[in-house]
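Chains: A, B, C, D, E and F, in written order; residue numbering restarts at 1 for each.
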């Protein structure tokens, strides 16, 4: 099968790292196509960043559909634009946060989440609520490590991350840890060896779930909430989504 | 005070209608500046539409800030991009759904919501949850009237809408009705006269709340969750958000 | 418009203070009529006090109705007798706690509440639940300052209050603060200047919401839950509520 | 033991009926003292009625305390003034709704509630939430039988009540029924015989729980939330609650 | 009446202790028959222990039914096999945790639970959720005292238990305490004297509730969820449950 | 990898059917070992059946551990004894209900569950709550087809099942369907072809998740809640769980 693995951040280093993780987790018959948007922010660390990245990400979903992939993975822990992507895709779309929560809940009574900036905590909490995993999560902890600082993790950055993981285990009672950023993907093995508890990387989790759906022949139901959007006019820089004729309008009244 | 009243749909008719409603509700000292994005979908009726409109809408927030408005109103019932807008604005940003729920809860024990397409029901439900009004809402009902069909409401469309409102009152036990689309704004008075219960239009409600905050000197707290986003590089069609130097990157690995 | 601003505590100092706050917030066209019950406790600090004050407060609602006011405000943070007042009033009745939560949620991601006695914490928590704002509140904190000690706030009392506000901001993560007692109304400006975050006084918030409803022509729906109570006999000290003939009955069996 | 069984409605017929039920359920060593307020409404069917009855009821709690009873029962399905009563009483105070929910949950997977006026439904729902029994209740149904019409139940009134009970059983899936008005107390046996499911009358349930607490030596914890109210001045018709000297104050400013 | 008081742990010391507590709480007309399973673990301290004890416990319910008892009490704080027991019993089955929560909620605003091993905390939390008492519980605290160490409580074990109780009162704000193990039953009086707050032992609470139901003539509804299980074949060591003929089957395919 | 696929019902036909489904879903490198208990009920359709089957099932987990399997699947829709199994197993244990909910939530906005007996509805509802999927489920529907009648599905039984599925889709708004009994496993393909929506069989879903965990090297965290039970004495028919010496005790006091 072919998986369109999308890094919604426009930072090449993270895309490469994510691709490597995904490939390490994939079956040999799975082809991982790593992609990222041409437009948008280099990293997603605020609601503003996420709104911009979401619009940009949908172009990459469309490209994947044209390439006839069998699944899309949105490889950013906020699972941005997931519903919109499911509307325009014909094949499954999986977010890495949701995927990580699913597998974590299978191997631990309570899992913790260790993420990047304090500011992104509401995003994690919102996702836990959306997917229904709040009561299975012992807490979300921020490291205040910037997304881009994860491209090449220095020793002290790793120590900070590990210390926060330990607080999640010993203070919050976590029994497994979900890494709250696709950029932490390559640290899974080291953390797992150091902490001796299940460490769940959403990228790898999403790859396995995409393969699972594919092997079972399960696809997004296209009748109802995830049906294709109605055809309509799009203006300006979104004219490529335009299914009708273009229209010009005045802006201020 | 100056209010930036944003129709996130790119349909001029709705923008004009919303502006008229807002002006009818505003104090004489309030200046309503109606605006809409140059980019994006003519109407918002799916998660896909909303993602695109959200990115486009932020440009209009930025313009409003440059025009030194005292508040922004996002005049689409999904309250799209509300958190992102609050991050980049220095003055209050109000969504019309949230505003309508607030005033409705002051005049009725339970209020109903009557909206457009069945497909948008999850949006209303998500907003009720976000704002905490689920238990005060007797139900959300869709009319399956398309947003653009509200531009000039024919008699039969009005009858359909009124019939759905009556079901909300008599079957669900609503005691007030929230109109679930900015495009229904001009029907408030007629529905109110016909149904004899409080009819709450979010556009008018938002204007009053914006004026209230302004008169009390209350603005969005810019420390914490709604602080300004960190400076970072934006690529391609979002370079105008770029605070750093532009960077070029390869896309596929 | 005329607003019946009711202090349900029978302490004149607080009534004067509340009246001053309300007038500072009101439009010039709004007439604030400050009132308080002839009967009942001088301050409300327990469920017992609240039950007595509630019965007494309804007389003041009735007086306001006879004076043809356009709205009633119940200026005690417990929003006592709100439903009962809405049943007997024809115009909107607004509680200051509910009003404060509404405006606070428009300017901050999470707001804190700082109130008087520890014993009143369940009241605040019950109100947050009633109005649906629990998830938007970072916590309720008691100062253990008695209501009557707020009549003339000494320096050390202010310092205590400010210290508790700071704990709400720095320990709980509040981004705005709701003052949990009408008697704190006059400290809004000073706290706002000292703490540099939005400080929401429910009295002022309620005045703006009352004006908003009035300007939009919205009144309590009198069909359904807030309909007028059925006529029935009232005995003893409540005979003035008696719509039927008086009846005498034996008490013990 | 001595139980102060309070009918907060001032209708003698209901008081007598409740007393008879309570006595039928009590141990021979239990002395049921039926009482009702000198003041207040003849029946409680609205929030307004409840606020007035609540203030009046507290006098009867005080009388009971002076009579050195061992427990108080508030025999109105709204459990009015329960927290306030617990503050001023030294012995346990039990509401009949809470008592009924407790016993019902012991004999059925889901119980239904059949009550009087549609308007009182929110009261029942609020009580289910307060006590935490929402998920164990299959639904609350109103018969729209007025409280006073229960004094002498005509055949057709009984048929209506029974029909609503059957709907609770067959449509809602109730497996036991809680009678939602103290005035239905005398119908327990007949309904039980006709419907062949557990019928729980709150008056009887409360008597058994009061006896249970008494036999175990359990009393309300008077430290904390149910501690005695602080001494303070009460004005006007509530001067009998006045622990301090009386104070005169002007009312309007 | 006759009560089948079941200790699902196979430790005779605890059975004796529980029997003594139950007898101290029972009316003189109540006959307490203490029983325990012939099969299963000596103490229940994990989900594994509970599953085994649950199957064993049902035999003791069956014996009680054959002895024509009037109620069964499951005297282990996890209320194991409660639903299954209600299915096979014709008379009420009461769990001691549920019983304790009920009485505790009548004498305190918030109660705390003090239990044995940390590992059993999820059991208590699950029970609070099942019965709907989560919001009335200030917290569950583990002492890490093993169940069997409660058979003869040494001074230092009592001190540990009391210290944890004090933390529940002073740190969590509990106003009454529920003892989270039937084996603590005999410490109720001493803790009550030392701590001066209501101490609720589930064994005593369950006895009073069983008597209450019996005196009111209330039994488990046997139509619906607690109806008798369908007759079917049981294999191997469960053949005594077999209502049909025995059947032999191969195990591995 | 080796998977211990456990049918907790002692009916060979179902075990064979489940094994066939699992094998159709498994990778060629996965070895499915179908097993069932020597003891217990032939089908699980009540809480009583489930308690007995749970104790019996743990023996089969132990056998699997001795056979050095890499994962256990509990192939009964109630996910019986899941926590206990995780305590005694060293490798992952997956329940088919939880597995089905996970995959269903990836391909539909809301999924429905179609199960066997009305009486098992609370089991499904409890599982949705346990796993956090209540808000993603449009409803659980019972067909009242007995588990054993699924061994050889007659045409009319299939028609009934399909009709209930259609009600879930058209009346409840389900967009995917979870089959609520392992015995329906072989109907997945036919229902999928007939209904044209995703049909999720928990057996297949669990196989894919077991493979996913195995490939990622994730196992149950054995520190904390799922740690091995403490060694202790087991009496009678559970002596094979006995890690200590056997002890004899008297039963009745």
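Here is the rule we go by: a residue touches a chain if its C-beta (ideal position, glycine included) is under 8 Å from a C-beta of that chain, and two chains touch if they have at least 3 such contacts.
Just so we're clear, the structure is a prediction, and the values are computed from it rather than from any experiment.
Asker: Go through D-E and C-D and name the pair with more C-beta contacts between its chains.
Answerer: C-D
Asker: Looking only at residue numbers at the chain B/chain C interface, is the share used by both copies over half or under half? Answer same or different.
Answerer: same
Asker: Round to the nearest whole Å and give the separation of the Cα centres of chain C and chain F.
Answerer: The answer is 54 Å.
Asker: Please report how many Å separate the Cα centroid of chain B from that of chain F, as a whole number.
Answerer: So the centre of chain B lies 46 Å away from the centre of chain F.
Asker: Cα centroid separation between chain A and chain B, in whole Å?
Answerer: The mean C-alpha positions of chain A and chain B differ by 28 Å.
Asker: Identify all positions of chain A at which a residue touches two or more other chains, and write them in rising order.
Answerer: Expected reply: 83, 109, 122, 225.
Asker: Taking chains as nodes and touches as edges, what kind of graph is this: line, ring, star, complete or other?
Answerer: ring
Asker: State the ordered list of ring chains, commencing at chain A and continuing via chain B.
Answerer: If we begin at chain A and move toward chain B, the chains come in the order A, B, C, D, E, F.
Asker: Under the touch definition given earlier, write down the residues of chain E that touch chain F in their complex.
Answerer: 10-12, 15-16, 19, 33-43, 45-52, 54-56, 58, 81, 83-84, 86-88, 119, 122, 146, 225, 227, 229-230, 232-238, 241, 247, 249-253
Asker: Note which residues of chain F are touching chain A in the complex, please.
Answerer: 25, 27, 83, 92, 94, 98, 102-103, 105-110, 131-136, 173, 175-176, 192, 197-198, 200, 204-205, 208-209, 211-213, 215-221, 223-226
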